[in-house]
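My questions will all concern the structure given below.
All chains are identified by letter, namely A, B and C, in their written order; residue positions are counted from 1 within each chain.
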Amino acid sequence: MARKKIPGMIGGLGITFKTMLKPAVTVQYPHEKEEPPTRARGVIALKEENCTVCMLCARSCPDWCIYIEGHKEKRPPRREGGRDRTVSVLDRFDIDYALCMYCGICVEVCPFDALFWSPEYEYSEHSIARLLHDKVKLGEWMETVPEPEPLEVGAESAKKKK
Amino acid sequence: MSTTEMPSAPDFELERSAMRHLADAQMNVELDTGDMILNLGPQHPATHGTLRLVVRLDGERVIAADPVIGYMHRGYEKLTEFRTYPQITTLINRIDWLSSFANEVPFVHAAEQLMGIEAPARAQYIRTILTELSRIATFVLFLGEMGLQVGALTPAFYGFRDREHVLNLIEGATGGRFHPNFNRIGGLKDDLPWGWVSETRQVMQLVLDSCDQFEDLVVGNEIFLSRTRGIGIIPGDIGTAYGVSGSNLRASGVDWDLRRDGVPYLAYPDLDFKVWTHAAGDSFARYWVRLQETRESVRMVLQLLDGLPAGPVMAKVPRIIKVPEGEAWVETENPLGQMGYYIVSKGATGPFRVKIRSASFSNVSILPWLLRGVYVPDVVTILASLYFILGDIDR
Amino acid sequence: MNAVALTTLGIEIGWGAALAIKTLVILLIIPTGALILGYVFLLKMMSHMQSRLGPMDPGGFHGWFQLIGDGLKFVQKEDLMPDGADRKVFAGAPAVVLISTFLVFLVIPMGPDLVVKDLDIGVFYALAVSSLSVIGILMAGWSSANKYALLGGLRAAGQLIAYELPLLLAVIGVVIQAGTMSLNGIVVAQQQQSIFGIDWIGNPYILTQFVGFLIFLIAAQAELTQTPFDMPVAESELVGGYHVEYTGFRFLFFFMGEYGTAFAFSAIAATLFLGGYALPWVDGDLANWIGPLVLFAKLMFVAFLMFWARFTFPRLREDQLQAFAWKFLIPLGLANLLVTALFKVAF
């Protein structure tokens, strides 16, 4: 076990001395910030135009922290002579980040790619009630969603989702 | 008996003899030098969480010890009755939060067994790599934190510092440092990002250097040796009788590792690794075994990275997962010991009942036997060397 | 710091003003010393040994204001006392610990004339007064009405009494070599004696009494209840030991007492073994000016060694501690004494 010939206690002193001379590993937040990886699950962003109010995310959330309200509207047909279309319009899409577990089931389950992960993590509030974020705020976070990065060697490239 | 009434003669005699017995009993109590009952916990730096250890002391020696658990019971088994399988996977990695990926594996394995699906080879390999990474993360923290419990302040910080690199790797692949939530029934959620393999190789070299540093700083230290050698000896047969598992049992000389000896799971049959045992069974042996197992895990990860097959990471599974009726039991070698899930399914989208066999629950059950006659400082050393996580005990 | 010293600096003062200056020095030097030691070693050196930075923001430049801010915070806290605590003893314990530390500085010379009172029995006095803190610790442990505190206090009593003897034995070797117990006399002896004829570095007793120096360091570490001897204050077991029930400014007294005592012991070690305020080629008035700085530098070196050991090693168990003192250190000290006496008589 003793690869060196010096007694263990002196060796221990040497290690702490050497570590003292090396630079510290602390990242002085908030003056310096580390970059989280691309896939880091920081916050969920909503792309409203893709949402069809199918409610799959709200149903599959383990904490039931997504609140969705929508209504149907009639729209004119796309072409002449067609039927009127009914379109679901999103009234309310709130995620309660006080309950959210950051598990990602909603992002994965959405069939229309309306929810995305963003590595943004600096959104703390002074009171818990203010952690309920509405669709406007969720839409703002779309700007922080990174491009999906390429996959490792050997991965199958036929992936529909990021 | 009211004082206005004179008791009848037979009652009077009975009462007097009762009072005499009472006086004798009281005198015995007063002459007794009085053991002190000390409550270690539930808020205590030594108990790794909300474990309460009621010890009866005679001076500084423990006469009897009684662990009181349940302060962190979160009702996992009840929670699983009302969740679907994908939802349960997000919850169970919080049982043993230090090695969180390893908690998901037996559950997903059991569900896959019931459905008759097998995850593709690449998924098995990546699952094994992530399990071993979580084992490394847990053990590196143990190596540092046991030094802290024994009194040295610095190793704990080294443990946290070196664990960061492994957590960054896990975050790069799964998106979450502590709660990866990466397993899905049938495989994994995603494949690895570009550059992950080479980054992992670099981090493994760092972990090996860190293990060497711990060996010099902690294991070579004579004070540490005198604090841990011969303390808390668990004989192999007593350990097996109490259900102790994992590194604790291997440090008592029992050569048992589910990765090699149990039902084959993940990619372990393809790997060539050594199971480390130590004959002494004391706290030092438990530290030494975990140190060697960390190095062994590094070797395993490098082997897995070399042999990583190409291909898909998800098998064909239906959109809505309904597990057919049946029961399945899967047990795996988690960093803290043996963890098992027993799933009873009645064909719905969620299980009917899940029973979780967690390692620390059984590891802690040996404490009343183990702590008889030890000194108070040794209690702390023993608790640190058994290495339990409260979430794992209480679920 | 008597009237002679200040006349050499050209100022005439009476004995009243001299007394006032001396009192002020005694009162201020412990808090200042505690602050400096606490900041440099506890906050910065420990942090860098643990790969981290320590406080960086308070005060702007590397967090120098942290300890002062902590002191101010402690002073304005609520004065809590446990219900079952013995009020007078509880309040008196930190005072006893602190006063014993203050009194040590009465004899430590910072220059040939810069000493509050140069007692003939300086060393004896310093060691006697520093062991008064044991009483304070016992008072704290007993009066806290807390089982953890009681355990810590009893452990401390046993440990501190056991390690007084090695401390004494280490010091006696120096006294034999110097021929006097007065600290000023010891410094002068180190400056003016020579080692086997080589006299350009004087004779710092660390060279001849290196065993004594090691014993002194180890025993001082134990007297300060620092790791590896910090069973009484074992943070991961007893959560603070004998001072667990102390908050606010009473805890501040203990904290100041701990680091002040570290300062005092480092000063004693620097004086006894490293030559104190003296540099071999400096004499007279110049020694009065740079004496404090020299003593400070040597003191910091000794403190560095003590804190370095503190942050590296785990702690010994109580019975191992006692066995180490009684079965190893004391015989070693006695052997050192014997050899020193033989050399003194022979040469």
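In the analysis below, contacts are C-beta pairs under 8 Å (C-beta built on N, C-alpha and C of every residue); 3 or more make two chains touch, one makes a residue touch a chain.
Being a predicted model, the structure only gives us computed values, none of them experimental.
Distance from chain C peaks, on a Cα-centroid basis, for A. The two chains most heavily joined by C-beta contacts are A-B. For the pair chain A and chain B, the distance between mean C-alpha positions equals 30 Å. One simple way to say how far apart two chains are is to compare their mean CA positions; for chain A and chain C this gives 55 Å.
Remark: chain B and chain C have CA centroids separated by 44 Å (rounded to whole angstrom).
Looking at chain A, one finds that residues 9, 12, 15-16, 19, 25 touch two or more other chains.
Of all residues in chain C, those touching 2 or more other chains are 49-52, 311-313, listed in ascending order.
Within chain B, the positions touching two or more other chains are listed as 154, 158, 161, 217-218, 221, 223. Chain contact summary for the complex, chain A toward chain B: residues 1-2, 4, 7-9, 11-12, 14-16, 19, 25, 36-41, 60, 62, 101-105, 108, 117, 149-156, 159, 162.
By the touch criterion stated above, chain C contacts chain A in their complex at residues 45, 47-53, 56, 308-309, 311-313. In the complex of the two chains, the chain B residues touching chain A come out as 83-84, 86-87, 90-91, 122, 154, 158, 161, 164, 168, 171-176, 179, 181, 189-197, 213, 215-223, 225, 308-313.
Listed in rising order, the residues of chain B touching chain C in the complex are 36, 38, 44-46, 60, 147-154, 157-158, 161, 217-218, 221, 223-224, 226-227, 375-378, 380. The part of chain C that touches chain B in the complex is made up of residues 46, 49-52, 147-148, 151, 227-228, 230-231, 234-237, 239, 311-320.
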